[in-house]
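Provided herewith is a single structure, encoded as structure tokens, for subsequent inquiry.
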Amino acid sequence: MAAAYIHPTALVETPDIGAGTRIWAHVHIMAGAVVGPDCNVCDAAFIESGVRIGRGVTVKTGVSICEGITIEDGAFIGPDAVFTNDLRPRSPRLPFMREKYATKRWLEPTRVGRGASIGANATIGPGLVIGEWAMVAAGAVVVRRVAPHVLVVGNPARSIGHVCACAQRLTLDQGRAVCAGCHRAYVVNGGAVTPVHPIETWPDAVP
Amino acid sequence: MAAAYIHPTALVETPDIGAGTRIWAHVHIMAGAVVGPDCNVCDAAFIESGVRIGRGVTVKTGVSICEGITIEDGAFIGPDAVFTNDLRPRSPRLPFMREKYATKRWLEPTRVGRGASIGANATIGPGLVIGEWAMVAAGAVVVRRVAPHVLVVGNPARSIGHVCACAQRLTLDQGRAVCAGCHRAYVVNGGAVTPVHPIETWPDAVP
Amino acid sequence: MAAAYIHPTALVETPDIGAGTRIWAHVHIMAGAVVGPDCNVCDAAFIESGVRIGRGVTVKTGVSICEGITIEDGAFIGPDAVFTNDLRPRSPRLPFMREKYATKRWLEPTRVGRGASIGANATIGPGLVIGEWAMVAAGAVVVRRVAPHVLVVGNPARSIGHVCACAQRLTLDQGRAVCAGCHRAYVVNGGAVTPVHPIETWPDAVP
């Protein structure tokens, strides 16, 4: 696999950029962030210290990813999506807020599961998990955990259905679902959607 | 008309920038995009390959315009507005998604009609038409076609009224409306608002 | 206090940057803007001419602050928050809109009160006041005035409660409230929440 490509206008302050990853104009990746192999980090994305991004992740233009966020393999982060890590922010420069911000105990981490999609301009609240292969619609404001394969929309975001790993909508029927597009099968138990066969991302474990 | 102005920090990779257009700091316009004359493209806007922008369009700071978007003459795109072109995005780096992304059949184009306004931080879903002189409120998430002269707000965006070409609200009355501001007249037929006299943008056809 | 720090990639066109303020990568602050001391202006923030920002304000990544906005001491502006100043925007390049945009009478200023917090990706409508120590939730779209210490969420934003200067939720009880976190006391009168003792930001008036 080729070395990473870094656009001349990008600021990349971490050595931890995986092979084959492309980093485009005006991106800023801070020291201490980790970006896996074969990712695509588009224009003006900002990735703060402490962020961990897996393999084959697509980060579109203008995305803001703050400390405490982990993005697993194969996820899609749409343009201008924004993450957060502080439920009750105040300016850390206020003298009486210094004690809170002197340590990182205020920080509430969020994890975006394998293969999940975050829509354009979505807002992801702090301290959440976006399940594997879930889909957050464009413009949604997520304030609660999203289960795997669930599709959420709106402000606040609420579930309106389920999606396959290939992103097609699933029709649940008596405890099971088969994707009309790719024919992957799922079992449904109490609202939880689980693939019958594990969903393979990269057949080779080693990039 | 003067030549285009391009700020020294802007990346402009297309030769198709019209006369009199101003392009400000940290803007990136990719090869294959077309921007008409007399436009104003503000800080950090991103315009992808394949985008077509007409005459006299204002693109405010931080706007993200992806492939497949056409913006007609005289439109206003507010700060941080975001466009989309894929209803069911997954990371194109996922091996099983390669077939989908190998061609552009997934791409759903959107058109913003002449003179329309897209509010700040609005999100425009894929495959839509925003009608001429329509107005999308700040923060709206548009998931359906917007008819000409219609004002939409909210997430999902819904119609709450009509606006004149000059942007004033219209009061519909028994099949007609006259703008209290500029006195343009409209006929109303089944919810469709049509100007009695064509709305002239630039009197001269040739810039 | 130390002089301001300005990242080499930032464009700072105003001399009015206070001591101790830090300005990070790809920020653009235009001529005629005023930024007070001890602020933190994060990556790619855009601050237009005429903006006034007080002391100890935190402006996170990607924030867009247009002319007419005043941000008082100790406020927090979350990532990708967007301000507006025109309720009925059209492209100023349209010939028949030139009269409107020839003066600044269209401009509706907004003020963010001392210590208030604006959440990530929030949208602030024009001509508003966000009261002191108020909190606008992430993703909220604010279209009405927000009273001091009020917490608003959603699109359109609506009040769901009250917060202390330290950002903890307040429980109102028979005309008073005491913060369970910091023990500041408030009196409640017809929905208005007022601190019993003035909330001190910086004990020294002179930086």
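When the chains are written out, they are named A, B and C in that same order, and each has its own residue count from 1.
Everything below uses one rule, namely that contacts are C-beta pairs under 8 Å (C-beta built on N, C-alpha and C of every residue); 3 or more make two chains touch, one makes a residue touch a chain.
Quick caveat, the model's predicted, so the values are computed rather than measured.
> Rounded to the nearest 5 degrees, what angle rotates subunit B onto subunit C on CA?
So the angle, rounded to a multiple of 5, is 120 degrees.
> Same residues or different residues: which describes how subunit A and subunit B meet, taking over half shared numbers as same?
Result for this pair: different.
> Averaged over CA atoms, how far is the centre of subunit A from the centre of subunit B? Could you give it in whole Å?
28
> Give me the residues of subunit B that touch two or more other chains.
26, 44, 62, 80, 121, 141, 155
> Under the stated contact criterion, what part of subunit A meets subunit B in this complex?
Within the complex, subunit A contacts subunit B at residues 9, 25-26, 38-40, 43-44, 55-58, 60-62, 74-76, 78-80, 115, 117, 119-121, 135, 138-141, 153-155, 163, 165-168, 182, 200-203.
> In the complex of these two chains, what residues of subunit A are touching subunit C?
Spelled out, the residues of subunit A in touch with subunit C are 11, 26, 28, 44, 46, 62, 64, 66, 80, 82-84, 88-97, 100, 121, 123, 125, 141, 155-156.
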